[in-house]
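Below: the structure, in structure tokens.
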Amino acid sequence: MQEENVNISDEFENQKHWIQFADQKQEFNKRPTKIGRRSLSRSISQSSTDSYSSAASYTDSSDDETSPRDKQQKNSKGNSDFCVKNIKQAEFGRREIEIAEQEMPALMALRKRAQGEKPLSGAKIVGCTHITAQTAVLIETLGALGAQCRWAACNIYSTLNEVAAALAESGFPVFSWKGESEDDFWWCIDRCVNVEGWQPNMILDDGGDLTHWIYKKYPNMFKKIKGIVEESVTGVHRLYQLSKAGKLCVPAMNVNDSVTKQKFDNLYCCRESILDGLKRTTDMMFGGKQVVVCGYGEVGKGCCAALKAMGSIVYVTEIDPICALQACMDGFRLVKLNEVIRQVDIIITCTGNKNVVTREHLDRMKNGCIVCNMGHSNTEIDVASLRTPELTWERVRSQVDHVIWPDGKRVVLLAEGRLLNLSCSTVPTFVLSITATTQALALIELYNAPEGRYKQDVYLLPKKMDEYVASLHLPTFDAHLTELSDEQAKYLGLNKNGPFKPNYYRY
Amino acid sequence: MQEENVNISDEFENQKHWIQFADQKQEFNKRPTKIGRRSLSRSISQSSTDSYSSAASYTDSSDDETSPRDKQQKNSKGNSDFCVKNIKQAEFGRREIEIAEQEMPALMALRKRAQGEKPLSGAKIVGCTHITAQTAVLIETLGALGAQCRWAACNIYSTLNEVAAALAESGFPVFSWKGESEDDFWWCIDRCVNVEGWQPNMILDDGGDLTHWIYKKYPNMFKKIKGIVEESVTGVHRLYQLSKAGKLCVPAMNVNDSVTKQKFDNLYCCRESILDGLKRTTDMMFGGKQVVVCGYGEVGKGCCAALKAMGSIVYVTEIDPICALQACMDGFRLVKLNEVIRQVDIIITCTGNKNVVTREHLDRMKNGCIVCNMGHSNTEIDVASLRTPELTWERVRSQVDHVIWPDGKRVVLLAEGRLLNLSCSTVPTFVLSITATTQALALIELYNAPEGRYKQDVYLLPKKMDEYVASLHLPTFDAHLTELSDEQAKYLGLNKNGPFKPNYYRY
Amino acid sequence: MQEENVNISDEFENQKHWIQFADQKQEFNKRPTKIGRRSLSRSISQSSTDSYSSAASYTDSSDDETSPRDKQQKNSKGNSDFCVKNIKQAEFGRREIEIAEQEMPALMALRKRAQGEKPLSGAKIVGCTHITAQTAVLIETLGALGAQCRWAACNIYSTLNEVAAALAESGFPVFSWKGESEDDFWWCIDRCVNVEGWQPNMILDDGGDLTHWIYKKYPNMFKKIKGIVEESVTGVHRLYQLSKAGKLCVPAMNVNDSVTKQKFDNLYCCRESILDGLKRTTDMMFGGKQVVVCGYGEVGKGCCAALKAMGSIVYVTEIDPICALQACMDGFRLVKLNEVIRQVDIIITCTGNKNVVTREHLDRMKNGCIVCNMGHSNTEIDVASLRTPELTWERVRSQVDHVIWPDGKRVVLLAEGRLLNLSCSTVPTFVLSITATTQALALIELYNAPEGRYKQDVYLLPKKMDEYVASLHLPTFDAHLTELSDEQAKYLGLNKNGPFKPNYYRY
Amino acid sequence: MQEENVNISDEFENQKHWIQFADQKQEFNKRPTKIGRRSLSRSISQSSTDSYSSAASYTDSSDDETSPRDKQQKNSKGNSDFCVKNIKQAEFGRREIEIAEQEMPALMALRKRAQGEKPLSGAKIVGCTHITAQTAVLIETLGALGAQCRWAACNIYSTLNEVAAALAESGFPVFSWKGESEDDFWWCIDRCVNVEGWQPNMILDDGGDLTHWIYKKYPNMFKKIKGIVEESVTGVHRLYQLSKAGKLCVPAMNVNDSVTKQKFDNLYCCRESILDGLKRTTDMMFGGKQVVVCGYGEVGKGCCAALKAMGSIVYVTEIDPICALQACMDGFRLVKLNEVIRQVDIIITCTGNKNVVTREHLDRMKNGCIVCNMGHSNTEIDVASLRTPELTWERVRSQVDHVIWPDGKRVVLLAEGRLLNLSCSTVPTFVLSITATTQALALIELYNAPEGRYKQDVYLLPKKMDEYVASLHLPTFDAHLTELSDEQAKYLGLNKNGPFKPNYYRY
């Protein structure tokens, strides 16, 4: 959960007893205090949250100003248990879903297997995520696996109306549209949960709002709920808080930190999106440019590798000596930002920290310097410090501002310091496929786990399932895995089907 | 502990006499189980063990056939508490040590700090490691930090006589020479431990032989011993066995698995040594060659990256789908060995597994195919299967055999399937510096830890010290670490001095 | 000159009326012969020609349907010697020009030098190029160097109206707008040339249409013309034809084939634009994808390097064994297209050849395969063969067609087989800066050359000026050139100021 | 021809009229003055010349002190028309030749073709090259193609005695041994030329000494000689001198500058040998090291690419702005040597220039800095300036000197400033195969050319044959060339069999 969405959900944390719930509106602008752990990984939830910008490109919100809540709509089968912008957009949405299916081989493989066994038979899943074509593939897969699903959006902007319409047309009770009000937001969630004659037994959440709503309004529902699957940094953080406080009353699965998902969300995705985001916004040439990348975690490693390969000269800043030494061994000069601030053409933050780029740095940058953020939330660049009278802001393109100093110097600020890769690039379907598959397997695991395997605590996805997520994506690359012989498995002391590595293994 | 050394220690394990303390024996024989763990990382101990081959280049064992045990030698100060090949070689050894000092900046930095505080003041360290110039820098650093040391070799071949002489000349009681007999080996260890009026309170071991000897002969010594620092895979395994069996009677530090050490031993070191080892043995050209790398762990990743950069076409085999997916994303075709066996020019094993390359594979290779091992021990290539009458072996250079099939086909086998990087390349001093610093800090930590911090168990080096090892090596690269501001540390929920990452973080 | 533009000019060639001067006609029709030469390099003219698509993004051609020829417009100084869409758009255009100036350091450096000397003083330049912000920087630089200029567009679509307005506002007689008719096109050119009391003495052409017009209509003008500078492949070809036919009556400079320009147009530009073009159209992920690149010239080398760096597995096809061997040494498997056609995810043509990808290939591709062209013109993929009844075309995005086979297989065709980098990416200003600087220096050279240095022939830019173009761009990278000492220059037998390499040197 | 050998042959140039010949002995130490053109490429002749160091490793010059000239030797067939060190070493030499054959596929392919046609039937070739296993494969191939050959060495040190013996055993009249005196050198050449009843009609030379000898002693022989093939920079330079002076009386082929050979000698070979040379001499680690590479021609490009890939931080110096701009676009900071001299760990010269690294630079280097030369001859580093009393030289290994400043600073000088790749690495057989094939084809071309195709001038190898050299090496990589269709060839205006590129094409 990220960015805009942070405003919606994270305020809870700032309240002493969020489970007691109260009117949070006035708190919307508060920042969460405990970002520390979070900064270690970027949830794809961030991605989905913001990807509305690019996805929006094919959404025509057009002229229709009537609130979906005030509309009477039925799908072609006469069903009206949904609330979307315009059921007539279903056909367009269906094509988008079909295109997405082609790049989500793992879910399709699960569907195929589901022809035989239906591991989610009897499952009643209530979900709250971004509503995109990729999510639709997930939801329909869960359906194929035997589950009944009801769905709301986890972000007021991120719904693709056409996709929501397509899901509704196919009979999925979906309650979401692009541009919900806050009141709409909670109304939609409530419509998913508060149904006569139907009660969820599984929760799939992205940001924790759905979980929160049930905690607050329908705590008794947890008696029938077998587990929560949560994929966002923020949502996971809340669950750990609940757990610490002894208030978590069902098992929860933290799918944000599974190995496969992490690698794709951060290293592999950012390696490509840093180039894409910079190109789409500035049309700049990478060759010969001097770049400083702040932070050498997975995101920073991806950014550095890509820019180096394109002929940029890359400097790195780090606070952690182990990551710093890795940067050295990978061929990057490790500097303090101040040492290179006057000479670099591009500054990229990937730290999860705040105020990494300060007004003082911005004052010293050279004319034309590009500043952008690939890290966590929008705190890394002190954008607020640029809102002073002596500086002029000029919006030169969508997501591109020139901030102009009195002497004429321009600093090029991308996405106002929000995440470049989400605001100015897109998250490839393949990456979302990894996430969705991880979610599906977590649901299956929790739903089918024998009594007692999971207690009222937060769990990581078992390594074997993490490996399974990976293996389901290998056919995309026509990749052929080697199998251990009995003799080898014995020699290594391993089960032939995995898991193949101990938990502490570093990939 | 590795390779030849494995032969030494493991052989002992299989011999009745040496493990008199009964039930331990059958523990030690459970090899298959333990190898699983081992295969996950390669100890630098492997490196030091075998590096005698290259180091030997400047050792002139010459004509002197008298056993050092039969010699009466004194150093220039009249001291005779040592046993080395020839004390007169001290000067040559001293120069080697001085050269090594220049590439071991971290230890030199520790010495500098030791001018003020002497964290090992009062420590009486008995050590058993390879005796090389780099070890000498470590030993003399421990001395500078306040410790008294006595030292033996952990490998009968790996002592550099000149270095041992230099240490003896400087007043360190060293008992070791190149080419010890097995009896000599234990005699030397005993001379370190069994001293009148001196009793060790710290153990630095590489392979576990010293620890074993004390267990067996002087178990009472453990009353005064504050801890064991062990760096080899095998030694660490033994300690875990002891711990499981409830027989570990002091805290032990597993320095093999610290993050920094692991990265250097495997990824960074092998990235360079694969090229070096192949060049020195075969003078081949890498450009355009087709290579298959078996295993995509850290060693495999290093090999693949290096060869790809040199213009080779690289295929990868893997059993673990997570590593396999990484190979795909890094641009390598994932295949089964059989698919490419007929077409590749080079086969490199990095699995930790056994019989990865079988006789059947070898039969199908094309003429001139090069086969070598970068992984664990010498089990990966089934070399034994080549010892059949119809095949002719031809030694064409040191470490290079042509195995010739009846039809004239030649397979080029390097180092008889032992570790290429140790047999045919060298371990850079910088890598050994990382290890030695890790050892020194582990000794300091264990020696100074307040009562109760460590129990009778095996511990990993605290992350903060791991970070400290890294930070001590940054000046080599003129690398400048960024410090957190108070505000940032608070935001991240971190101490400004680290540790900066949770234990589960994957670097 | 390229693509659409090719259609414009080449169409004319095939029409009776425009080449009245007889025998020239059949020369121009000898296309097959001439394409051979063309395929060896891609002129930036191609780029500028097609870049209107992206540039158009900020052009609002809006509602005004009146032809500029029918409008009465004056700039703020009362001048009306121009014909643009709307003089009031000047301000917007000026900002675009200013932004471009920042990335065209070399021209700005020439302007600075021009404060002292005016090497084009007295020059009367008539120009016919794309009218973009970058061209405007060139035109205004020529003005600053002392020249009088009149300008028309070389492509009926490529004019940025706002930029044309800004030039007109600044007093440059510009005759061009986006969406000219063919008649408009020639009318504009004529207005540049056919002026009372003003006669050009230099020609700057891009595609040869201006040159052709003067040849046809005002052949006497050549008496006063000191030379022609031509940058397009097509235009250069025409000049060589004229030269061979003995009809070239002034010196001409082929700036298309200068070393610096070539490297940027092809290798450096395509290394970045292949990624950009693929991302913007398909949002695909590069990691792990199998790609075949047809052709390993500079364009192919750029594409291969970029994709390899992003983790793709790249195959190459080639007809030239020297380039093929280079592909091998760079780590790419050299295959015939048929060998990999069933397995690849992406096919990229960079050959300059025709029908490299045939219908037969297209029939065998796997579902979802992406096909695009980075080479010369739109002949490389046999797109026409896809216009058959059994195949369905579906336009899924701008520049993206799904061609659907009866069995449901989709092939993703980008830009209908036209140049991906021009249609779906942008040409960085820096690349255009190289071209514009080369043009400016060629004009200066021809204008100032002493009598007799250049005869009525086609010349390459002197290497020394080529080096000068490069040196003017070094400050962008804060790059510091080393100067030869007198002793070194003597040793090498070189002039200290260059040229530094013989003509046959391969960069 | 290079280095030591330069001493032998280049003195001629320093004499006004070398064709008049005189006693040059006293001139042996003079350096050539006109290195200018040469510096543009490094002849493999350099390589072969110096590779005696590594090759020597298996040569046992042993005890036998008798001069071969004084020995009476016969091969097993009773033939005594040769003069080698020891005919009994033939067997060992034969194995070396057989191993080399396996990596010289192109020559073996020519032999195969020769079973049908013998294009050198009737050719009487006198050759003067390094006598190595690779040369032996060439000589025996020429034999198989129909030629009679007589051979001498072009370098007094570079003969592999075993190989010479093997050739003699096979019936080739070889006159050469390792460690010839200068008198021996010319005696051997004379024995090749001055034969009763046999007169050469083709010359294959490496360095020009053989050519010179015939010019001086047997000028009449040129009447029957159809041509000279010369591969060294120096030899080629001499031929151009002769040609300019109007004294070249037969056609000559400059095979040094063919495209394929150049790429391999410089870019591909050095990309690997820079790593190899540094490792073998210093065992250093590349990761994180700061390196400055002087010169960004093909050699510099190879060095930079390799070190960047290994994780070094690389700076470049250049005098030519075009190459400088390429360095920028490839991601290297372009600096003057002085800017980085205090911080770099390694300095590599690849310029062809002299005194690129001066005493002043050496004075400013940091302790432990490594200095080496990959460029042309041994002039790039001003080694002579280090021979001053205040500096101490310490030879720490073969080819490695520590030069020690009064304050203890050590600079590590490799190979005393001679070519690192030849002194401390080896030239892969594959590279030598390219050269040998080029030589063979040049001989065939000159020998079979119709009257009048070649005049008394110096020619480059026709591009078509250059392409043929490349194509003969493709099978090594299992590389499959695509063939043009008739339609495509017509479209491109090309012959289907090549040549495929115009002469000015830059690969």
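Each chain carries a letter (A, B, C and D) given by its place in the written order, and its residues are counted from 1.
The criterion applied here is as follows: contacts are C-beta pairs under 8 Å (C-beta built on N, C-alpha and C of every residue); 3 or more make two chains touch, one makes a residue touch a chain.
The structure presented is a predicted model; accordingly, all values stated were derived computationally and were not measured.
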item	value
Neighbouring chains common to subunit A and subunit D, by label	B, C
Centroid-based (C-alpha) most distant chain relative to subunit C	B
Whole-Å gap separating subunit A and subunit B, where each centre is the average of the chain's CA atoms	42
Intercentroid distance (Cα basis), subunit C paired with subunit B, Å	59
Multi-partner residues of subunit B (each touching 2 or more other chains)	268, 287-288, 310-311, 328-329, 333, 477, 479
Partner subunit B, residues of subunit A touching it in the complex	33-37, 39-40, 257, 259-260, 262-263, 268, 317-329, 333-337, 339, 352-356, 379, 466-468, 470-471, 473-474, 477, 479-485, 487-488, 490-494, 498, 500-507
Complex contacts: residues of subunit B adjacent to subunit C	287-288, 308, 310-313, 328-333
Contact footprint of subunit C on subunit A as seen in their complex	54, 58, 99, 102, 268-269, 271-272, 275-276, 279-280, 283-290, 305-306, 309-311, 343, 367-368, 396, 425-426, 428-431, 476-479
